[in-house]
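Let me begin by handing over the structure; questions about it come next.
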Amino acid sequence: MTAPTLDLTAVAPIGFVAIGALVVLLAEVVLSRRKTLLGRPVTDVWIGAVLAMIASGFLALALYASAHAFWADTSAVFQLERPMLRLDRLAAFVTALVAVASLLVCVLSVTYLAEVRINHGEYYALLLLATSGMMLLAGSTDLITLFLGLELMSIPIYVLAGFDRRRLRSNESALKYFLVGSFASAILLYGMALLYGTTGHTDFDGIRAAFPAGNPLALTGFGLLLVGFAFKISSVPFHQWTPDVYEGAPISVTTYMAVTVKVAAFGALLRTLTVAFGPFAGELTGLLWVLAALTMLVGNVMAVIQDNLKRLLAYSSIAHAGYVLVGLVAGTPEGHAAVLFYLLVYVFMNLGAFAALVALANRGRDCERIDDLAGLARSRPALAGLLTLFLLALAGMPGTGGFIAKFMVFKAAVGAGYVGLAILGVLTSVVSVYYYLRIPVAMYMSEPGEAALREESSSGERLVLAVCAVVVLLLGIFPGAGPGLLAHVRALEWARQSVALLY
Amino acid sequence: MIELNTHLLSVVTFLPLATALGLLLVHRLPESAWRGISLASTTVTFLLSVHLFLGFDPAKAGFQFVEYAAWLPSYGIHYFVGVDGISLLLVLLTTFLMPLVLLASWTDITRSVKGFVFFNLFLETGMLGAFVSLNVFQFYLFWEIMLIPMYFIIGIWGGPRRVYAAIKFFLFTMFGSLLMLVAVLVLYLLFFEQYGVLSFDLVPPPSAVGPALLDTAVPLAGEAVWWKTQTWLFLAFALAFGIKVPIVPFHTWLPDAHVEAPTAGSVILAGVLLKMGTYGFVRFALPLFPEASFQFAPLAFGLGLVGILYGALVAMVQSDIKKLVAYSSVAHLGFVMIGMFAFNEEGLEGSVLQMVNHGLSTGALFLLVGMLYERRHTRQIADLGGIARPMPVFAAFFGIVTMSSIGLPALNGFVGEFLILLGTFLVSPGVAVAATFGVVLAAAYMLWMYRRVMFGPVESPENRSLIDLGLREKAILVTILIPIFWIGLYPKTFLRRLDGPVNELVDRLERHGATTARATAAPPLAAFLAPPAGRPEEAGR
Amino acid sequence: MVPLEHVIGLSAILFGIGTVGALTRRNLIVILMSIELMLNAVNLAFVGFSRAWGSLDGQIFVLMVITVAAAEVAVGLGIVIALFRNRESINVEDVSLLRW
Amino acid sequence: MVGAETSLLRWIVFLPVLAAAVHGVMLGLLRREAPRAFVVGLSCGAVGLAFVLACVSLGRLLTLPGEAGFLADEVWSWIGAGRFHAELGFRMDALSAVMTLVVTGVGFLIHVYSVGYMAEDHRDDGGFQRFFCYLNLFTCAMLLLVLGDNLLVLFLGWEGVGLCSYLLIGFWYGDRWNAYCGSKAFIVNRIGDFGFLVGIFLLVWALRDVGVGSIAFHEIEAGFGALAERTVRLPDWLGFLPGAPEWRLATLIGLCLFLGACGKSAQIPLYTWLPDAMAGPTPVSALIHAATMVTAGVYMVCRLSFVYEAGPGAAATVAWTGGVTALLAATIALAQTDIKKVLAYSTVSQLGYMFVAAGCGAYGAAIFHLGTHAFFKALLFLGSGAVILAMHHEQDTDRMGGLRRRLPHTHLVFLVGVLAIAGFPPLSGFFSKDEILLSAWLAHDVPGHQALWALGLVTAALTAFYMFRLHFRTFAGASRVPEEVRNHVHEPSQVVRVPLYVLAAFSAVAGLAGLPQVYGDALGVSDSNSLAHFLAPVLAAEAHHVSHAVELGLAGLAVAAASLGTLLAWWLYVHRPGLPARLRAGLGALFRLVRDKFYVDEIYDALLVRPLVIASDRVLFRGVDAGLIDAVGVDGTARAVRALAARVLKHAHSGLAQGYLFVMLLGTLAVVGWLVR
Amino acid sequence: MSEAVFFYFFAFLAVASALGMVLNLRNTVAAAMSLVVTMVALGAIYVLLEAHLIAVIQIMVYAGAIVVLFLFVVMLLNLRQDAFPPPRQRVVKGLGVLLAAAVCVAFLGALPGTLPDAAVTPEGFGGYREVGRVLFTDFVLPFEVTSLLLLAAMVGSVVLAKRSLD
């Protein structure tokens, strides 16, 4: 019996984030006991800022680790005998993306938490724990780690959704997420059990090798696994919790959920489909086709009748899941690269849109209704402009990353012969334009209402908005190598490299 | 200077956007400063494009002032710009109208001036970019992006139903263009299948002879799966461009957008944006799908004709001047459509020239209506009457522009219409005859409107106290009258530059399309007059 | 030796009962219990398969599931308590503020 | 056949347009009414100078070597695309020369007359200078029309004169009626132009087959030889037409172009605008709606005489349309009381004569009558203008009578005009009308040419009747002038009268220019018909030979008819002034029918205009545009999407967690079912 | 043979008590007790399936900890007996039950012939030694991750249920 050989680089990002969670918890305890520190009074906001900085620091480390892994182009596994976690380029890409998104959400949350008076240090700890779960999810090559990653991601988010304990809507959000989530977990688990039972393996390579294609039990297991993923990426018809949960949760949490969960789940789904079910995945396209079509259709159509911004963005995120699925339907390396690129853009444009709402939350009140934004262009022109930019990106207007993302996805679909799906995609995009445009209508073309919105953004919010705007534009204008310094920013190339090793 | 010339086109295209972005960085300037800066920027753009126009060599074939740079080379996406005679004219039209529009909005727009000039400058770059793009991806980018500023211009500074109009405008256009995007992708993949290269370049890049998108052999119906056939690709392109033109069943966004838009918006919309559609046909749809173009020529003729007659008849019963002018645009662009699908030099050159003409005449009409609206705050024909009495100079300008719009010889409209009708007649006399009747109707509705607005007794006191045009307004109108007369009297300046590209296009169409489609496409509509008996076969050819 | 079919059959029946409970009961706590029952059914399947393949992976999986189940119950009950404090009800049908 | 290059011609055209441009710039940009002396000097000077240049050019033309030469002046290449090209060029041959002289000469006189006529008018803004601006612009356009080297320049002038006519009819735009009449003139003319354009297209299309891409007149003529015999097949639905399905190309082209002529020259069915055009100032009526513009159609037919020669069907249509129009207009003129309306219908009628001549192949006669008509009709209009001025803008002859005493000079010159138009020898109208009747008598190519001649003869009698009726009701008998006006009636100023005298002189003697040889022989002049000889090289006319006896006999009959008409008028309106009223009562409905112009305007309105407008509004705009496309198509789609969300999909998002679980279960089953199948 | 009797007895017990839990509409405490019975029955079956360590943990964690937690919360909330208004979406729920039953039957019908044959297990299979060895070698990562998971659950339930955080 030999001691297992461990390669810590594979778990470095997760490790950093997990340690970060512990440090945050400790720091919170230490800080909240003191009245003054270095001669300055210790306030809640200050504590929050410090904790956010700590969290951001660890996330930055995780980002560095994953970026390093990406450039090193090694396929590090935690232990050779039983590789349950792999930090290859795909995992590094998703991990980095999740880290960036979490980092931005941390920065974004400081003022907001104080503003809605839920400024507790546990927030950052939970956020980091969930992030570590996502990272695990992204790299897992075994059903066990997949499951644990999923749960490690979900459980803190259940809590975060209900973080504003005094608000009934927040409670309800958490409860619904929890109920539907654990139900979905059970289904997923049953699927895993059946897969294990029919193949005798829980690792992806083993499943791939032993998958009995004609066995109905195996297929059932596969289907149940797929349902679990479909729930996480909120694909129709497993999406209904999304608007309720997004609406009820505090906006910063909604932001976090909307961007990171989807990225991690799609990353894992991508790996699962290509690695564990590679040869079989082709038979899946019909099913994915239907899911993608339904998701685009229902998400976009339902968003049309929403008056609540969070709810609208929730349906919009459902719709975007549909577009990402189009890339999966294509099933080609190109399609998978398009999926990753879409996720990259999606993170920044959605984060930007939510950040704008975060920056408007005022004295315990979220900025929720479209009407609340009336006349915003005059009171906060820069914010209105940025929000418009993000919405246009979400709508897929050229010049923004949203366009390139959709373009790549549809290109992959057309290339694989799924023209009908591409046409459905563009038609539903037209519908999406309608509801995205309602928001600029309120901001630019309506007289100010009586909604009391915050008049000043904090520097953290500004930073997040600026980063998102720059990235969205950059990805829109130079998705490949740009001139000068931008020559090294080759997002499309990265996406392609990330999926290259899967086949 | 050499440096300028090599990048002239990019400078022309992006100068407005650069100004706009620069404006974003500046705060707290007086309103007139915004206006002044934007006016200066657009004027410089215009002067540069005049330089471009003068530097253009009509004798040389192909595109000039070409710039080519890698953008996303692995996807065949390049920054690829260049002008031929066709785009040159439209670039000039755009840069010409823009300063006038800004000048015309000098007193009209008082709310958030900075935003207004920002969107206008943004829009200008969008339009110019679309006209000079030789990479289809890049074209699509500009094509879509210009919706945004226009949406805001209509939506923020427009009339009471501005939001409805703006969204309708946006959705309509988006609907068509996204389908075109799919078609572009199919085309791109077809090209890849045939040549093994990924490229969106429409023509081969400079200093490289290789296949370009134009060389793609697009299968005919029955030769490939449905989505790869010319029929469907052409229809997707045609839908996108047709909505923008607009051809008839897709035109209803136009009256709403025109009526609700502020003057500047209406002028640019009518003057340039509609040309995007027709330009798209000339630059992309026809050369890429020659056989399908022939196949659908009867349909295009039919829809163009319906546009001419329908637009005219509906314009005749409008009570709102702007709406009337909007429907007249439908009719005018119907002419452009049929001229284009005549597939001969006369029709095509007439069409392209008519695009410019319509931009000038209808643009000028909207400017004039705007000036009147600014004073009187109504566009209802019934509220007006006898305006010529208090505003004789205005009436005179309005009269000239009206005449230009109804195609009076010596003014610009005639040259285009004549060539279009002639070109169409040579192919399909019946269509040409019916379209010629549209000219009669144009006179009917325009003069009806002119009479009701300008003539008759001055009845309401508001009308009596109207003040005639000021120096600024006169300057705008005189400026726009110069090309109106120029094209009317000496169109050679412009037609000469069209000869090359149009000949090339006609050759291409003849080469690909004549064999398959001429025989089948011609009879249904073109048989109004059969060839004369005893006509020596192909005598003229 | 018990046939594997019967073990898996039992697990399926228990999973079904759990599903029905989660779908029909209105008492939040009972719903949580039903979900626990579903997880137990999964565990049974894992154990059965583990025995059949003679590999311990399934048993390890069960250990993980048990841990997760414990965590889920803790968090779930926490949520129920928080909700109860605001709403004074554990009827799942009262939790429908957010809809459409 | 190539013309002699000269740059003289362009200045004939450019001088008036420069004057108009100067006026326009001053009015539009300086916003200041220029001193009248300057306005008058500029306008009249420009036209006068154009006249002088026209004379100089004529001199050059006459001294050109070779028989069929012409002066040519190509300014620049105008429109060209593909194989089609048209130059902005001018040419002066005999026909253009005659027309140019008439236009500049009569035009100059009317300019001068207008100085007096418009002096006191202040009805609308900037009237005086604006008027001269338009007048100059018109002169330019008319000169473009007659001097144009190709069909397109002709069309340029053709439309230009239409525009000026529109502007000048509605000159006093403060009155709705005037503005309406202006638009009507323009739109009706546009209907004609529709035919004209189609004609041009047909011509270009046909010429393309013989390799001609230009539409310069000499090129057309050269190319047309090969096309003369060509036929085209008409579509089936036109099978009812005579000669269908095979028509001569020339006939088709001729008919299309003639539709244009019908519009411009006020022939059936497009004549209705001309009487209404009298809403404009009287000098305008004289210049545009009598002497020059309305004759453009005749000029065009003569200019393209070779087309009509090759298309007998077209020629016959021209002739008969002219004949019927002449009679119809004369009939309507019988019952009009407005002094200008009578003259307007008489113009329509006389234009009909010209078309009879042109259709019968006597192009020279048509041009001859065109010239003499220009003089006497201008004279009559200007005379009526003097009366109207004297009567303080009263035009109704019911309120005139006995003006002979107050306006003796006007009365005299008007009488000259009346005699000339009635066709009494030796005044100009006699000779020209006589030639037309003769040509009709001899036109064997035209079916029913003798009936046509009879029509002309009856028209001649009617012409004499209504012209004398007009004269008697205005100048003879008892005065019906209202009291308050009566004492202010006085002769107009010198500047108004001088043009009258000049025109009267020309009306009297112009006939000598085209004196038929039969009289020449009697007077011992060889080649007396100098005009015909001058024009012969240009016009495609065959000389006909007829005995002097027949010719004189026909002339006698015409004079007799005119005398009859005159006598009847005298009897009715001088001898028995009470009779017309009784006659009117006796005729009742028939009289009203004639007085109300056979209700043609009303019929057009009810049959064409109204249905079109109503259908456009109700069916196209409200029905198709707003109702179908927008409400059903566009908004309908939006509503459908909304309804799908709000009525259907909404129920899946009930807010009940167990509902979600249920849907999730269903979805799971569907997924598994799909996979297992 | 005795194994079979043992198995079917506990299987019957598990199903019966599970049904008892789901069908008991009145008493939450009784439902929890039914759940305990199911857990214990399953634990017994685990022993049959050579999962000895799991069986122990099943009894300890589930019956001992989790159900106690349930009961604790029931007490904490001081819930009266279920006195809920008439249920909503009755048709949907009814359909759900029928569907679940149908699927169960279909699933059971499909089972034969799809499962692997039982392998011969080595000595000590499922015992603490074997499981422990695997857990700390091959599965050390999942094992570590569970600690994070429990941390998250701990922090989470504190955040949610603690009366005052401030």
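Just so it is clear, A, B, C, D and E label the chains in written order, and each chain counts residues from 1 on its own.
Simple rule for what comes next: contacts are C-beta pairs under 8 Å (C-beta built on N, C-alpha and C of every residue); 3 or more make two chains touch, one makes a residue touch a chain.
Remember, it's a predicted structure, so these values are computed and weren't measured experimentally.
Undergrad: Under the touch criterion given at the top, what is the topological distance in steps from chain A to chain C?
TA: The least step count works out to 1.
Undergrad: Which chains are shared contacts of chain A and chain B?
TA: Under the touch definition, chain A and chain B have D as mutual neighbours.
Undergrad: Taking the mean of all protein CA atoms as the centre, name the chain whose own CA mean is closest to it.
TA: Answer for the innermost chain: B.
Undergrad: Would you mind telling me which chain pair, B-D or C-D, is linked by more contacting C-beta pairs?
TA: Contact tally favours B-D.
Undergrad: Per the centroid of Cα atoms for each chain, what is the distance between chain B and chain E, given in Å?
TA: One centre to the other, that is 71 Å.
Undergrad: If you average the CA atoms of chain D and of chain E, how far apart do the two points sit, in angstrom?
TA: Computed value for the inter-centroid distance: 103 Å.
Undergrad: Let me have the rounded angstrom distance from the C-alpha centre of chain A over to the C-alpha centre of chain D, please.
TA: The computed centroid separation for chain A versus chain D comes out at 78 Å.
Undergrad: Please tell me the distance, in whole Å, between the geometric centres of chain A and chain E computed from their C-alpha atoms.
TA: It comes to 31 Å between the two C-alpha centres.
Undergrad: Find every residue in chain B that makes contact with two or more other chains and list them.
TA: Chain B, residues with two or more chain partners: not present.
Undergrad: Mark out which residues of chain A touch at least two other chains, giving numbers and ranges.
TA: In chain A, the residues touching two or more other chains are 144, 148, 151, 155, 158-159, 162, 165, 174-176, 179, 183, 197, 200, 216, 220, 243-244, 305, 434.
Undergrad: Touching at least two other chains at once: which residues of chain E meet that condition?
TA: 88, 93, 96, 100, 103, 107, 110-111, 115-116, 139, 142, 146, 149, 152-153, 156-160
Undergrad: Pairwise, which chains touch?
TA: Result of the pairwise touch check is A-B, A-C, A-D, A-E, B-D, C-D, C-E, D-E.
Undergrad: Can you tell me which positions in chain C touch chain D when the two form their complex?
TA: 19, 22-24, 26, 92-93, 95-100
Undergrad: Tell me, which parts of chain C touch chain E in their complex?
TA: 1-2, 4-10, 12-21, 23-27, 29-30, 32-34, 36-37, 40, 43-44, 47-54, 56, 59-60, 62-64, 66-75, 77-82, 84, 90-91, 93
Undergrad: With touch defined as at the start, can you tell me which chain A residues reach chain E in the complex?
TA: Touching chain E from chain A are residues 1, 4, 6, 11, 18, 21-22, 25, 78-79, 81-82, 84-85, 120, 122, 125-126, 129-130, 132-133, 136, 144-145, 148-149, 151-152, 155-156, 158-159, 162-163, 165, 174, 197-198, 200, 215-218, 220.
Undergrad: Spell out the residues on chain B that touch chain A in their complex, using ranges where they run on.
TA: For chain B paired with chain A, touching residues are 70-75, 77, 112, 115, 140-145, 147-148, 151-152, 155-156, 162-163, 166-167, 170-171, 174-175, 178-179, 181-182, 185-186, 188-189, 225, 227.
Undergrad: Which bits of chain A are touching chain C when the two form their complex?
TA: Interface residues on chain A, with respect to chain C: 143-144, 147-148, 151, 155, 158-159, 162, 165-169, 171-176, 178-179, 182-183, 185-186, 189-190, 192-194, 196-197, 200-202, 243-245, 247-248, 305.
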